[in-house]
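Quick one: structure below, then a few questions.
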Amino acid sequence: MAKTALVVSAHSADFVWRAGGAIALHAADGVAVTVVCLSYGERGESAKLWRQQGMTLEKVKAERQKEAEAAAKALGVADIEFWDLGDYPIELGQASLFRLAGLYRKVRPAFVLTHSREDPYNRDHPLVSQFAQEARIVAQAHGHNPGETVLGAPPVFLFEPHQPEQCRWMPNTLLDITPVWDKKRAAIECMAGQEHLWEYYTRVAQQRGVQAARNSDKKIAYGEAYEAVFPHVVETLVPSEGRK
Amino acid sequence: MAKTALVVSAHSADFVWRAGGAIALHAADGVAVTVVCLSYGERGESAKLWRQQGMTLEKVKAERQKEAEAAAKALGVADIEFWDLGDYPIELGQASLFRLAGLYRKVRPAFVLTHSREDPYNRDHPLVSQFAQEARIVAQAHGHNPGETVLGAPPVFLFEPHQPEQCRWMPNTLLDITPVWDKKRAAIECMAGQEHLWEYYTRVAQQRGVQAARNSDKKIAYGEAYEAVFPHVVETLVPSEGRK
Amino acid sequence: MAKTALVVSAHSADFVWRAGGAIALHAADGVAVTVVCLSYGERGESAKLWRQQGMTLEKVKAERQKEAEAAAKALGVADIEFWDLGDYPIELGQASLFRLAGLYRKVRPAFVLTHSREDPYNRDHPLVSQFAQEARIVAQAHGHNPGETVLGAPPVFLFEPHQPEQCRWMPNTLLDITPVWDKKRAAIECMAGQEHLWEYYTRVAQQRGVQAARNSDKKIAYGEAYEAVFPHVVETLVPSEGRK
Amino acid sequence: MAKTALVVSAHSADFVWRAGGAIALHAADGVAVTVVCLSYGERGESAKLWRQQGMTLEKVKAERQKEAEAAAKALGVADIEFWDLGDYPIELGQASLFRLAGLYRKVRPAFVLTHSREDPYNRDHPLVSQFAQEARIVAQAHGHNPGETVLGAPPVFLFEPHQPEQCRWMPNTLLDITPVWDKKRAAIECMAGQEHLWEYYTRVAQQRGVQAARNSDKKIAYGEAYEAVFPHVVETLVPSEGRK
Amino acid sequence: MAKTALVVSAHSADFVWRAGGAIALHAADGVAVTVVCLSYGERGESAKLWRQQGMTLEKVKAERQKEAEAAAKALGVADIEFWDLGDYPIELGQASLFRLAGLYRKVRPAFVLTHSREDPYNRDHPLVSQFAQEARIVAQAHGHNPGETVLGAPPVFLFEPHQPEQCRWMPNTLLDITPVWDKKRAAIECMAGQEHLWEYYTRVAQQRGVQAARNSDKKIAYGEAYEAVFPHVVETLVPSEGRK
Amino acid sequence: MAKTALVVSAHSADFVWRAGGAIALHAADGVAVTVVCLSYGERGESAKLWRQQGMTLEKVKAERQKEAEAAAKALGVADIEFWDLGDYPIELGQASLFRLAGLYRKVRPAFVLTHSREDPYNRDHPLVSQFAQEARIVAQAHGHNPGETVLGAPPVFLFEPHQPEQCRWMPNTLLDITPVWDKKRAAIECMAGQEHLWEYYTRVAQQRGVQAARNSDKKIAYGEAYEAVFPHVVETLVPSEGRK
């Protein structure tokens, strides 16, 4: 049976900048990746759109959804959902919590990607990180919708925030995304409203690539960094051989 | 070509309590494991021997070496070396540093195991941790014995100290050692001089086993915990399938 | 006048695994211990019960309450309350906050036990830790129900979570529970629904016992570890003599 | 155009003890300082008032407002607002969040002062710290009340809590308040209801003054310490010359 | 048999500022306190003396010893030793390590006081902290001077550095020194060469006194703060009654 | 009188990658910058040179010195010294410590730049950081070469290591180096032996530039990040106006 993965993104562009490589890489390997955009980032992350004449909240959302869908397609996302929960601040109540727990049980992801625990520049990101982790725990509870199969213990990886050190985020996992870099760049270029970030996140991928190479003796040009929330459970300490 | 591993142990019993499972597991998989015992722990970790009448430093060392060799055999160690550098405090000068750098280059380990960075109960352990990491860096230097092939970047894992929280040691890697638990227990029982620790470290393996199972949905009865010094460099975020 | 203590437990079994020794020990010394179970853990910590045919939320709660009452009796708890606030997630509003503040003022505990500040495996635990500490602060406020005697500053100790290092919990207080170990084990065995944890927490007590002995030169077989939230205020730095 | 600053104070006395020097200093330099007292601290920080016969919540608030206004005058505050949101616990909903975001946009502060991130003695303080930072982020969002000029990125400084180490608060900025110490002391003496704190916070100012001198070779008698949330962005690393 | 304590002081005045209260308090209770001044602080902590005409290293040392002896007498120190190991930097070799280990075994202290682990303002202090802890470990080793009785596990408390937060030092133990404050102040006034510190450390004692009172409901006017290196091993969680 | 600054560089290229912008910026402002290269990095940081036929240690050093002198010239360094203390490991004894203390007193820097406190990839860097800080403390000691004017308390800034998060280094100061970026790039291009790092450190400057702009509302294209060791002592909390 095909593997799956779940990406919980606060705003509709976060999954592109922060996890586009992981998504494309696993999609290319046959993993069915579901992305949930809890909000469009319509208030707080759409400055360029708001500078246009006659802009409204609904137009911003529509534009953002279009961009995110295009990016998802470029990355090979299997399913993308938009929950429209608002932003700055995002509204995360119990109904959404149970909805996300339900999605965990439906998708049964092999791994989960979401935001960092702290971010002094962005309040929605740590709230979503907490929320995504809590929904995973609810999905593990036998008394939540008894009769449904409970979730196991998929690892959770926190993706790179904009200013990593200020978020007390520690990259302890470096993913080689060289083979899919073109797809990530293509997805990034779908984000017309945030063009000022294109080069920034391209350089992030280059720096993490150099670091991944330095930590492994492998040839790696582009990387994505993650902080694993839980210990890695392994059957060997010998590193993988790397890509051929 | 066969893989190799290097274990840098402050005293001649540390590799048994702290890394016996990893050693036996990889040895069983064909990895040639070299263990360096920098000291016998003759002054500080041989209380029971010193309670015997007529004990001398040389007799303690001889006894400790015998025990360690028996344990190494039980674990399937390919090579064990005793450097007799003294303990409490251990004496780690530049000659030993270069000797260890040389061993790194000779062994070319796929991974390295050594002590935690801090330990308020034991001064030799953090000194050895620092020393083992420094020798690895020297072995990477092109100007150290030019002409020799330099070392790559093998990952370093820090093994579990006696009182983990007090050593600010964070287990971020859990190794399933269930298949070789019998060998680890046999090696533990070679340590006649420290019988009071047999059950303690058996329970450590059981607790880490339960935790590894909880973090992975795999069936794991015995575990060893490690703190990875460097980020894991990976080609996938999908966890391994576990043992069949 | 008799001393008192207050234990704030997220779910109806937590006080047993995590504080059973402290409860039995102080009860045996004449301290009247009040335990508040804010929830039954009916959804998230009752897997075994849910595997039974025809199980309902009410049956789970009834069963959990019966087990907790039996355990409380085995430990010598003076009073146990079940607040039935739900779990996964627990619902902690202002009414409950003021109710707990009222209990603080009624009990006037010499010390307080509750959960760790963080726990990536369990969202209710850190929420309850925060809640128990906040209620203590409300109980100290002169303007809260003016006329009532305000609470002083009882120390708060955070009990050991399931995977201590992952919760960034630091055991800075080790309690010798050897004299009451039999009672704690008896209480543990009342938890029929979580038999898989009996041996795990027995080993925890053994490990903490060994560590307590190592940190004190006292003969200690079983221990419980706590993280004190506030500084210890003392009149001497000479350690106690230990049990006779 | 005159510079401005914004102080977000949980209770109506906090801005005096914790930021009175900064306020007086900048006011004297022509900075228009706005202070928002989110609550009066009527329940939790007015012990002395509650010991008076016939005291009511309204009387406490009135008294606290009078004291705060007198202190504000002594410090040269340009504007002080009382939002009366309650205390122990403070109630901080979305309406207040947007109100504070609006104030940010109106004031357009050159810098912001508020509470520390943690405080085990006081739950309102960290809640207000989070709230003040979140409102700043909302005020930066282009989609929040589109058409209004968005806020830039004023630095945020966290003021000193009562027991600094216990709050994991790190003073990385020391402000010389020697020239305005008399004003701060005068403001402190307006706080009739908390006379027990006068000398305590005078000593805090003296200790921070000594430390500021030690870190700078300048003559400084009184200081205030702050933790900057964000990196200092500077055009030179040469320290300022100090006061003439 | 009388209890004993050991204070390991980097320079000849540190034990006064940082532990004078603890020394006087325990001395008054019949504890025989040994103070080791590893250096006089003749180069780095004698600015006032060096401003005198014709000063030499030997004169500074003689003056510092005289002051320290007077202070020790005021505090009721049982024994004070001056090891003259130099300062800025202090020279701590193996001979001194074994000498201190010998002193541990001779004194057999119920507790140990020494410096903080870090201090960016003073390099000798953390070196001495490390050294004092290492000597304690050597003294515990059965193979160190076999035949001698080995040391047990006395708790170690780290005293307050000059700028506590900058040293990442966490006060987790507050000692009530009110009954002996007069003696500590008298000892402080023996330090003629560092008069600028008298009021500073008087205020430190007052602040720690207020904090100790706040954390305990006891009446405490003067305090000393310590960071315990090891967990407290206790038989009860009920706080002491305080002084009568 | 002209201001001065001191840069303590472990190897002869570190000052270029890590502090070239700060050097050029201050030099352009008339600050006389002294750079000390404690070692050439001849063994550990000259891989490309060692790949050449017939290379010797002396040739590597000569080449490295030539490159460093060219870079220093490009940056406007007032004085550069090569102490040739060896690398991997660097040898830092008391004679060098006193030599550096002497240089501190001679230069009397307004600020000091050196390496991060930790670096698991490079042992010399943290050793030099410790050493540079210790020499500063010795230079402050009145008893060190009495008669010389003692050093004040210049701030120390730690420059950015190669993999910042892994070094637990926290950038709390961002310097705008836009006006001198061309000079830094020119200096970088003098480092012929490490061409693989040119683009890496160019991207570092771009990323820090974006972050500096985000934290300040200023137009900044290139930045350097530093961790201040000591608190900033300031007379105002109003940020500077930025470059015109």
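Should a chain be cited, it is by its letter among A, B, C, D, E and F, assigned in written order, with residues numbered from 1 in that chain.
The rule we apply is simple: contacts are C-beta pairs under 8 Å (C-beta built on N, C-alpha and C of every residue); 3 or more make two chains touch, one makes a residue touch a chain.
Everything quoted here is computed from the prediction, not taken from an experiment.
Fewest steps needed to get from subunit C to subunit F, stepping only to touching chains, is 2. Comparing the CA-atom centres of all chains against that of subunit D, the greatest distance is found for B. Per-chain CA centroids place subunit B at a distance of 37 Å from subunit C.
Of all residues in subunit E, those touching 2 or more other chains are 121, 166, 171, 211, 214, 230-231, listed in ascending order. All chain pairs that touch, listed by label, are A-B, A-C, A-D, A-F, B-C, B-E, B-F, C-D, C-E, D-E, D-F, E-F. Note for the complex: subunit F touches subunit D at residues 3, 5, 22, 25-26, 29, 31, 110-111, 113, 152-155, 157, 171-176, 211-212, 214-218, 220, 225-226, 228, 230-240, 242-243. Those residues of subunit A that touch subunit C in the shared complex are 94, 97, 133-134, 137-138, 140-144, 146, 150, 229-231. Subunit F makes touch with subunit A in their complex at residues 121, 162-166, 169-171, 199-200, 203-204, 206-207, 210-211, 214. Contacts from subunit F toward subunit B in the complex involve residues 42-44, 46-47, 50-51, 55, 57, 60, 87-89, 120-123, 166.
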